[in-house]
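You will see chain A twice below: alongside chain B first, and alongside chain C after that.
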Partner chain A sequence: MTTQKITDSPIDFAEDIILDVKNSKEDGVLKCVQCGMCTSTCPAARHSDYNPRDIIERVLEGDMTIMEDDNIWNCFYCYTCHSVCPVGNSVCEVNQILKQFAINNGIGYDKLYEYMGFADSYFTAAIGAIPEIFFEDIRRDVPGWWEFRQNLGDIRDELELNPPLMPPEEVIDEVSTILTITGFKDRIEKIRQSQEEE
Partner chain B sequence: MRDDLKVGVFLCECGGNIADVIDLDEVRDSLDVEFIGQFENLCSLNGRKIIRDAIFDHNLDRVVVAACSPISHEKTFQDYVKPLNPYLMDMANIREQCSWVHDDSERATHKAITLINASIEKVKQSDAVDPIYCQTPDEVAVIGGGIAGMNAALSLAKQGTKVTIIEQSPSIGGHMAKIGKVFSPVKIAEECGMCLLNPILNELVWNENIEVLTNAKVIESERRAGTYNLIVEQSPRYVDTEKCIACGKCAEVCEVEVPNDWNDNLSMRKAIYRPFGQSYPESYVIDMDNCSKCGDCFRTCNMRAIKLRQKPEKSLLQVGSIIVATGHKLFDMEKRPEYGYTRYADVITQSELGRITGVNGPTKGKLLKSNGEVPKRVVMIQCVGSRDEKPDGHRYCSKICCTVALKNANIIKHKYPDTDVLICYTDVRTPGMFEKYYKHTQENEVRFLRGRPGEVVKKGDNFIVRTEDTIKGEFVEIEADMVVLSTAMEPSMGTREIAETLNIGTTEDGFIKESHPKIKPVATDVQGIYVCGTAQDPKDITDSIMQATAAAAKVSEYNYGGVEIEPFIAEIDKEKCTVCGECISRCKYKSMSIQDDEIYIDPMSCTGCGKCLVDCKQRAITVNGNVDEKIVATINGVLSKKREGERMILVFLDNIGYTAADNIGVNRLSYPESIHIIKVISVNRVRPRHIRYALENGADGIFIGEFPGDLMYDEVERKIGMVKECIAEMGHNPERVTFSKVYIPYFTGLARKLTDFDNKILELNEAK
Partner chain C sequence: MKEIPDKNILLFRSCLVSVEYPGVEASTKFVFDKLGVDYAISEKQTCCTGLGHYSDVFDQLSTSAIGARNFRIAKDLDRPNLVMMCATCYAINKKSVKLLNNKDELREKINNLFDENGLGHLKYEKDELKPTENIFHVVDILYNKIDEIPDKIKYDLSDYTIATHHGCHYCKVHYEDTVGGVRDPHILDDIIGACGCETIGWYDHKRATCGTGFRQRYSNPELSFSATADKMNAICDEDVDIMVHLCPNCHIQFDRYQHLIADREKRKFRAIHLNIAQFVALAMGGDLDKVIGAKAHTVPIDSVIKDLKEVEK
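Entry: the complex of A and B
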């Protein structure tokens, strides 16, 4: 049994999410009636214990432990829940906000560490390229992808696609500067350090 | 001459509501009139005697009642001043707009004196005028011949009113005729819908006061003095209803087969057909869009009833009032492809399930899939298109679908106990007695799963319904061989069309809007037009019938009671009028027209706004009731009581703004004593020269409020803009004049605006 003390205010957690800059749905999260339509169409729910309805239920209960729940990292932003929600909520956005809350609280660095390659590619190429560590997996899971990837330059030439795939040096420098000034680089370093120390 | 008129002032203590704040002794001493008296409760019945006696004893010509708001008791005191003409009485509102909004006794008392003085000056300008009574013809058009329209028509016809039912389809009966079984929450049993409908239909057919027009539509409407002129277009039936004996030989020989819409297209019918067994008129009809014109039916018909050359006919129908009963349609399943309705024959709607289980349906009542087998598991999905903010969805609950699903589940269970029925719901809404029916359904072994399915896919011979069992918190895939969708109710095309034709308001969802959904049910925002049934919002048969009879009662009230109209409307001097038509095009309320080569003003739609006055080159139009003189007199009455250093702001409001202002008092909010509210019949009657006059004679500020829903709103806003420019040129500060939106419900906003404006005027005064 849990007791709700007179001083408890479970709705504050949802309020924090509503006020977050990523939230585009105004009070959507408060209108959830737990119908489960999100879960019924969620690919992550079909293949893991991720349950978008449950995410909102726990947010509305003020259950902050959700930030520590490994399941929140199973959402890959397909936005299906966002488009089917009958009350105009977006679990997908709520999920992104929760992940940010988690990171702000020092949680989930191990999850982010796997994606450091993406962050690096902004510095090396000024675009979000697929990190090389994923190549093997994609090569196995997506037939034809490797050949496509190998011949991408030729294919683009043939299609007369302009500008070239890689941005010029000065653009890469500019993006790197922006990422450094805005503190992105520091954060990346912090995450990397925390994981490599362990 | 008017200054010699003998005015009597009656002060009401209103229990202590007025006297506790306002020093009435001081008021009595401050006013110089023929008679002034103070009473505890003037509106009580002995108030009538007090007022009448004083009128006789003091030979009073005019009366001022200083009491509550005219919105509360003007009618009462108009009656109490008999034998004086009702319009020779004016009310000074010293309760809602004085004692209830101010608590400083000295200042409130001075303001009361000012308000009463304004009324005294105003009432001296009043002349005896008679209210205009309009009697509407005791003939009614009921638009739509479903269960609501039929009941409304019958109720009126039994009270002696002539009723014409205008039905768009070839038969009356509506949705109820095709439902199959209906249920009663009290009996906890399903009953034959047609058996309940038929007696009503028969009664209606035999009632001499009712005429039924089928294949008919209202295509134009115009209102003159309480009479609606409706142009009704009747499409040809191509079968003479007088001659046809509905033997059906024509349909036997007809070779054209088309989907039968009455059976939700689940069976076929001929191009010449009878909509359903009990349809009325009892006659066949030709669907000319599909007829091959082979002539077989014509040659077969012994009665020579077939008339292939019939043409559409337009006719004029004159009625005093209208009941809109144009009903609903069901949500279009093409908008939710995720449920596979358009791809799979065995994904159906509750309406189709009703046809399938109906003994007069495509399978003669047998529950069969498209392959002819009885389904092993039927999954019902609730809230399809209802409670749905996605594009094309409806935010509202369609109200009947829970109980419809329960009914159809029970019908299946009675006949096919081995078929598993599972209802996927978000909430089961079975208020009142319907809850017992819900329990009964559970006892029948119908299963319930709390979860809203996201999609239906085909896998092998079966469907997979994907949902979450939200109680278990588990994603589930349910195999089913029939899926039934509980589709939302939405306004029918006919409902949308008639709203436009009759110019009546609709809700954001497209249903016909009631003039006040809480306390004025069935009335629309147009006088004389009422609404009932699912044209107004989703509801069941019982509620439709109740609303239909309520609408009939309201029509009777209106027909027998007549309509009393305030006489302060425009009048034409026919000697001067050249019938140039300028006023017709200027009138925003469309109250003017040419009839018998003369300008005619419909007293029911004229608001007395005076827009036509300005544009009439012949100066042939006047508005009754000395409105202009009264405004000037009221301004003088207020300003003449201005004390040294006192701020005086004049606020002009019409009935709507005035009601909002009253609400400030009713809710005991406050605003400064400098605010003096003057009620005008139309804000447009406050003319630039009134504003200038007030500013030049001591007013510190002018506040004009208008309801944005008023047809004159834009006009007034534009005019105030011009007035500000104009007074700036004359050396006044245009910031002393302000224009503001007012709404009855937003009285808090109005209180704030009045306070802000007072502060601004204070600043301007201090700067000076």
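Entry: the complex of A and C
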């Protein structure tokens, strides 16, 4: 059983979300009337224990244990709730902000570890390629995919695509510099180290 | 309707299009050339960070800094109209423009980091680009040219049963800018109509997600494929031949995993999956290998389209 931590000023939690750079809905979270439109249209709620209405209820109660709730990782980021909310709230955005709060508090690193390939491919090729860690699953699940990927160069040549797939070296260097000065590289190294030490 | 440009366009390359369905890029170029759209592609433009961003790996500061760099490239080429082939690139870039214009602290932080690290040439000035006036998806450009499409059509695809899947990150994220409906999206149906074909229109789960859910497909496949199955069952009930998409991520989910989900649902799913640019290019006479990129598809295009008949002029 998880312990519910109610802060002294429950509204502070919602205020932190409102102030986050990702928030595009001003004080939409405070306007939630718990109507449940988000939950009734949500694919994750339809197929799992994810409950967007409940997330906002807990946020408004100042229940910060929501950051440790595995269910928040079931959101599809499909923005259906965001597009139908009658009071202009967005659980989808609140969810993304909660996950960034979690990560900044050292929570959820295990969830991100498999996706380190997205970061690596940025430093090596400035491309957001599907992480190689998933290739084995894709080969198993998708007939002919691996063979297709081996022939990708020939297929692209036949389509006469230009410029080529890989950007020039100076572009990759510039992108790597940007992702270093924003603190992204340190964040990735911290996540990787924490998981590889375990 | 909002103003949609047909010139000074930077066609924004997509990682998933490049490595999974490169025919989407070739088809977009083919159709843009036919319709007289002025565009260029730049080798300097890099990934929007979308897949990493929505897997929660990227923070907003890093995504918007990468956005600022790509916006600078577009401006330096005098191509301030960014046109995306991928719904996620579209949503990510539109959000970064909004944030860079409206969140002064974020913009100043990014500009200071650029200045302090020898990247002053990448600085973004407030309102340099406008989210509604400069950030588009390929479907917007096609919709703007909808009256010019019928004259360019070579093949008659009207005998096929056609359904559309409108990507969430085109329709639902920046819904104030979405052309052709949000609750009952129909921009793809309208463009297909201009090719002389009638789609099935509304169907059960039409506006639902493809089920990719970014991390869900890989880390939570049961959840992901349950959502996809809702939609695949719905289009199977309608006996659909061709499903038309606007996002490579949705395209992967349906085309690559159709076999797997058919086994799971114990049904035979037979639809082929085409991006809207591929559909229009095919109707305009694009070659299956040299333009459409048929070899990249898992469900073979020729399992449904066996021969092409020319339209009667």
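Note that in this section the second predicted complex is superposed on the first by the 164 of 198 C-alpha atoms of A that agree within 3 Å, B and C clash if a C-alpha of one lies under 4 Å from a C-alpha of the other, contacts with A are read in each partner's own complex, and residues count from 1 in each chain.
Keep in mind that, in the parts below, a residue touches a chain if its C-beta (ideal position, glycine included) is under 8 Å from a C-beta of that chain, and two chains touch if they have at least 3 such contacts.
This one's a predicted model, so the numbers in the text were calculated from it and none came from an experiment.
Novice: Quick check for you: in the superposed arrangement, does A:178 touch first (chain B), second (chain C), both or neither?
Specialist: second
Novice: Of the partners chain B and chain C, which touch A:33 in the superposed model: first, second, both, neither?
Specialist: So A:33 only meets chain B here.
Novice: So, A:87: does it touch chain B (first), chain C (second), both, or neither?
Specialist: first
Novice: With both complexes overlaid on chain A, does A:21 touch chain B (first), chain C (second), both or neither?
Specialist: A:21 sits against chain C, while chain B stays out of touch.
Novice: Is A:169 in contact with chain B, with chain C, with both, or with neither (first, second, both, neither)?
Specialist: neither
Novice: Go through the superposed model and pick first if A:54 touches only chain B, second if only chain C, both, or neither.
Specialist: In the superposition, A:54 touches chain B alone.
Novice: Examine A:46 and indicate which partner it touches, taking first as chain B and second as chain C; both and neither are also allowed.
Specialist: both
Novice: So, A:196: does it touch chain B (first), chain C (second), both, or neither?
Specialist: neither
Novice: Examine A:141 and indicate which partner it touches, taking first as chain B and second as chain C; both and neither are also allowed.
Specialist: second
Novice: Looking at chain A, does chain C or chain B touch more of its residues?
Specialist: The partner making contact with more of chain A's residues is C.
Novice: Once the two structures are fitted together, what part of chain A is touched by chain B and by chain C alike?
Specialist: 46, 83-84
Novice: Which chain A residues qualify as touching chain B in the complex?
Specialist: 33-42, 45-46, 51, 53-54, 83-88
Novice: So in the complex, which bits of chain B are touching chain A?
Specialist: Going through chain B, the ones touching chain A are 338, 383, 387-390, 393, 426-427, 450-455, 466-470, 473, 475.
Novice: Which of the residues in chain C come into contact with chain A in the complex?
Specialist: Answer in residue numbers: 15, 18-19, 22-23, 25-26, 41-44, 46-52, 54-62, 65-66, 69, 95, 98-99, 103, 105-106, 110, 113, 116-117, 119, 122, 168-169, 171-173, 175, 182-183, 207-209, 211-216, 218-221, 223, 226-227, 230, 256-257, 259-260, 289-291, 293, 295-296, 298.
Novice: Which part of chain A faces chain C closely enough to touch in the complex?
Specialist: Interface residues on chain A, with respect to chain C: 21-22, 24, 43-44, 46-48, 73-80, 82-84, 96, 99-100, 103, 108, 111-112, 114-116, 118-119, 122, 126-130, 134, 137-138, 141-145, 148-149, 151-152, 155-156, 158-165, 167-168, 171, 174-175, 177-179, 181-184, 187-188.
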